[in-house]
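Read through the structures below before going on.
Two complexes follow with chain A in common, the first pairing it with chain B and the second with chain C.
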Partner chain A sequence: MLEEKQDTVPWWKKANRGFTYLIRRNRTLLVFAVFLAVMPFWAKPLSAPLGIDLIFVMRLVGVFTIAAVGLNLLMGYAGQVSLGQGAFFGIGAYTSAILTVKAGFPVWLGIIMAIIISALIGLLVAPILRLKGHYLAMATLGLGIIAFVFFREMTWLTGGNEGIRSIPGLALPGIGVTSRRGEFYFVWVIALIILALCANLARSRVGRAIRALHQSEVAAEAMGVNVAGSKIRIFMLSAALGGLAGGLFAHLQGFIDPNMFSITLSISLVTMVVVGGMESIWGAVAGAGVITFLPKIVEALPKWLGEVPKWVERYSNYEGIIFGLILILTMIFMPSGITRGLSDVVRYRRSPFINPFRKKVVE
Partner chain B sequence: MGFNIIYNSTGIINFAQGEFCMFGGLFAFTFSVSLGLPLPLAVLLAVAVTAVIGGTMERLVVYPLRNANIITAIIATIGVSIFFKSMGRLFWPKEAYKVPEFTGGSFSLPGATVSRQFLWVLGLTVISVLLVYLFFNHTKAGKAMRACSINRQAASLVGINVSRMSLYAFILAAALGGLAGLINAPYASYSIGLFLGIKGFTAAVVGGLGNTFGAVTGGLVLGLLEELIPGFLTVVLGVASGYKDAVAAVLLIVVLLLRPQGILGKGTVEKV
Partner chain C sequence: MNGASPSFVSGNVDLLKASGLTKTFGGLAAVKNVSFTVREGMIKAIIGPNGAGKTTLYDLLTGIYQPDEGGVLFRGKEIIGLYTHEITAMGIARTFQTICLFPRMTVMENVMVGLHHRTRAGMLRSSLWFPSARREEAWMAEEALRHLDMVGLEMQAENMAGALPFGQQRLLEVARALATSPQILLLDEPASGLNAYETRELGEIIYGIRDMGVTVILVEHDMGLVMRISDEVLVLDYGEIISEGTPAEVRNDPRVIEAYLGSELG
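What follows is the complex of A and B.
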């Protein structure tokens, strides 16, 4: 009887219900999409007085968001520390660059190949996922170094230190994307799709499984989660997203060289995830935004302040000091990241900072 | 070795260890060349200053994070590493500095020429290994530190001040790192930081984490392989020797996968 009753609901009502549900679940995403869609209109007049080309930087934020979301799934949700995401980013960039420049592939196919190759290499190195904690962190860092050395030394394929130049810009079959605004929309449409997919993945059965193995692998295994398999799959997904981001990056920049994909890149990707907030899709967006804009702001700072002491102006590396300090201070005072801190303020009217120096009664 | 000490007593992998080496070299340069102090005094001062930096870092960064998770602590030490490196650049803007050799020149053995500096490196390494060994096995503080590495709660129950031990560990590790930096590299430069950190960790892992002699063995094995493998590659396979930089990383991964307890380490059984 009950089943018959359900069947009387017309299909269009069901579809509508599903649609409403989908919108309600991804409300933040939609708001963000609208924000981005109108961004070029207000960002352009704002760019000149700030001394930062907002749209130009936002394209990169989009690219790094994709890589950071992948890393966040791996680190935040599955709890597997990876300091080697930069390797997959580089593999993606080189794959797409080599295929389009040397083999004459169309750009979209190059990027798809970048995703596939990165995922396959992720599968190839998956045995290191047997390691835990520090060991995993160091082994992935080792991967990053190995990849970097290969980019530099395989001169016949990668061009060595010279890198690869004149990489074609982003394009779909039939449509070339030439303007900055076009690139901005191109990157962010992909980034938003990835964000939506990852947000839904995190809420799904798979998402619950990987969160379970973060808490306790033994307990997850006991509940019937295929721990080794889940880890490998999530690692491959993370690698594939890294590759996608790398592919987009290569076509945005137009040239690549090995030093772009050194360990520093892996570390800044990890920083994006941690500063933004782990175990949160929005953490990746916030982290990518903050970490990408930070150096630009530091660069533009003298323009805002006007006069700067000579020795500060001459010294070009103070970006490192500020970056390091922000990293340390965030870890100490806001260890769960910006997004969590902000939601604490809004939701519980609680300070986003913690006091780590407070003594506990029982240590 | 510094890695080992810190890991032993705090369970933290310190990515700023390489920067301790950098500071050791740079301070030795400042004291001996710029200020014109006699070399032994300059060396002692450089090691002392580096030790103070290590202690300060422990109090300001590591102590607040003692209850945080692994990732947070790792990121924080990476932050410290970046910060230190930029500070170094601020005060020592040139790319490389030459610390004078302890005794210049070289002498010939049958079949090989050995520089005196090499003997100093060897001698100081042996001495510091012996001292660390004696410290960990025959002094109260050293034994307390080992107790912390085995079980922090239990150590705290028998009256050991765990956080103070962590402070001591950082001071000791920084001092050793500084010493390593200034004897190992007559040329103190910046690129050494992170790469040196990975090499140090590899040496510690190859020898077995938490084993002083293991770290030395690991260091020797790594050093030998780094010299031998690129030679082998160039001669036999005919590829560029630039792959040398990847040797440490490959070795690290292989050892971690095949023999995670290290060459000298004893096997452990993981309990659920």
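What follows is the complex of A and C.
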């Protein structure tokens, strides 16, 4: 009956219906897109007094959003903890950098190759997905270390500790993207498309299957979900998104070296997912935003406050301490992440903070 | 209702045929040389004291464990060696003794996972939200509600599965298993933890499932339920079959009385 009804509806009505449906479904995304579209206009005058170049930082937020949303699908939705997302980020960055600098590929092709190579390496190491929980975390940590050593030691290919310099900027066939603002739009258009696709995926049959295997592998398998296959596919997708983010990053920075892709990167990507909110597409955006902006804000603090006391300033790494402290406090008071906490405010008119010292009644 | 209801006549087709199934765990035989046949359209109960190997037998039938010896033919096809999800796709579904729902998904989503192998949209079609994926999704929602309706949980569709009371979680397990469109449904102690009223309801639901044409195998400790609804009973003790037959035959088998039922029904 459903089929018959659709056949009598003219195509333009169908298209229109589909369009309104899409808009309704992605309302948050559209609001966010509008926010980003006008951002350069109000961010520019704001940047100087804040002491933070907002557009400059937002480009990076876009890049990390892509990597974090991939990791969130793997870690938040499918429950497979990976401390190796930084490795795929690095693989993507090096792939695109090497291909464009040494082989003369156009930038867009370099980035596409970054996606493909990362996904293939993801497939290659997929057997580690047989491991569970902490064991998987350890194995992926090893993956990150191997990648880091590889970047540093394969001097003929990766340039060793020197890295690769003068990587061409982002460009589409025929159009070069030169300005900061252009880069900002370029990155965010891609990031928004990725967000929309991932949001669709999370709500679909595939999304349900990976959430199911997160909660009970035995039951998911018994319900006809190919658990091993689903894990591999989602791991490849996560790797591919890491590679895409890495590729974009290389062209934004213009130079890369191994230290950018050390284990610290993997850990901050995991932190983005956890702080932003597991099992949440918007968590990736919030997490990437907070984790990228926090160090810049901490850096800019002395400018806002005037003078930093001498004894604080003499302690050179106080930014790191403030940063860590904020993370710890977030985890204690908003354990399910920023997005969940804030959406609770809107939905249930409830404080986003929980009291961690209260006795738990129900688990 | 007492005895087997005649509303569905058991066919003569052998749907499932297990022969010589043996599984040992470190020298301890959990299942020893077990052979039995399940004819289409019947309700077959498997009973036995705790640790008799009933759940292990289920795990063998659904491919969670591989047997050391023996084989299982399902509609004449060997299923030993297949993955669990392949066996599910062939038409064998099960529930779990310890409830194994997806607690942080809604009741409806739980059932929709059961529809997984009956739908096709992969990563690409799902993420691009193709019309075909959308149609599939609509079909899944409709079908899931239909299955929830069958066990009387349609009002709970939007609630989290983990928040349901215990009895309803058991029913949800049944609905989720039915969503895979099985030919055989393996129920693992569905009445444990249910009160007398809920157990009676469960009996009606199992009859309903049988009347839909689904063959039911039932592992159960509740003797009242077993004797009331099953067509055939298989008794396991220490991994071996000690008796098989109609409820009346089994009830009067001296070996069964000695090994298991004792004074309970004697």
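Keep in mind that, in the parts below, the second predicted complex is superposed on the first by the 351 of 363 C-alpha atoms of A that agree within 3 Å, B and C clash if a C-alpha of one lies under 4 Å from a C-alpha of the other, contacts with A are read in each partner's own complex, and residues count from 1 in each chain.
Operating definition for what follows: a residue touches a chain if its C-beta (ideal position, glycine included) is under 8 Å from a C-beta of that chain, and two chains touch if they have at least 3 such contacts.
Please read all numbers here as calculations on a predicted model, not as lab measurements.
**Q** Of the two partners chain B and chain C, which one touches more residues belonging to chain A?
**A** B
**Q** If we overlay the two complexes on their shared chain A, which of chain B and chain C does A:Met278 touch? Say first, second, both or neither.
**A** After superposition on chain A, A:Met278 lies in contact with chain B alone.
**Q** Taking the superposition on A as described, I'd like to know which of chain B and chain C A:Val218 touches: first, second, both or neither.
**A** Both partners, chain B and chain C.
**Q** In the superposed arrangement, does A:Arg205 touch chain B (first), chain C (second), both or neither?
**A** Only chain C is touched by A:Arg205; chain B is not.
**Q** Per the contact definition in the header, classify A:Leu197: touching chain B only (first), chain C only (second), both, or neither.
**A** second
**Q** For A:Leu237, using the defined touch cut-off, is the partner it touches chain B, chain C, both, or neither? Pick first, second, both or neither.
**A** Second partner only.
**Q** Would you sort A:Ser179 into first (chain B), second (chain C), both or neither based on which partner it touches?
**A** After superposition on chain A, A:Ser179 lies in contact with neither partner.
**Q** Answer with first, second, both or neither: which of chain B and chain C does A:Val227 touch in the superposed model?
**A** After superposing on A, A:Val227 lies in contact with chain C but is clear of chain B.
**Q** Considering only the contact definition stated at the top, list the common interface residues of chain A for chain B and chain C.
**A** In chain A, residues 218 are touched by chain B and also by chain C.
**Q** Which bits of chain A are touching chain C when the two form their complex?
**A** Where chain A meets chain C, its residues are 2, 18, 22, 197-198, 200-201, 204-209, 211-212, 215-216, 218-227, 233, 237.
**Q** In the complex, go through chain B and note every residue touching chain A.
**A** Within the complex, chain B touches chain A at residues 7, 13, 61, 63-65, 68, 70-76, 78-87, 89-90, 93, 156, 162, 194-195, 198, 201-202, 205, 239-240, 242-243, 245-246, 248-250, 252-253, 256-257, 260, 272.
**Q** Which of the residues in chain A end up touching chain B in this complex?
**A** Interface residues on chain A, with respect to chain B: 75, 81, 127-128, 130-131, 133-135, 137-139, 141-143, 145-146, 149-150, 152-153, 155, 218, 263, 267, 270-271, 274, 278, 315, 317-321, 323-328, 331-332, 335, 356-357, 363.
**Q** For chain C, which residues count as touching chain A in their complex?
**A** 62, 64, 83-85, 88-89, 93-94, 96, 100-105, 109, 112-114, 116-119, 121-123, 126-129, 131, 133, 135-138, 140, 176-177, 179-180
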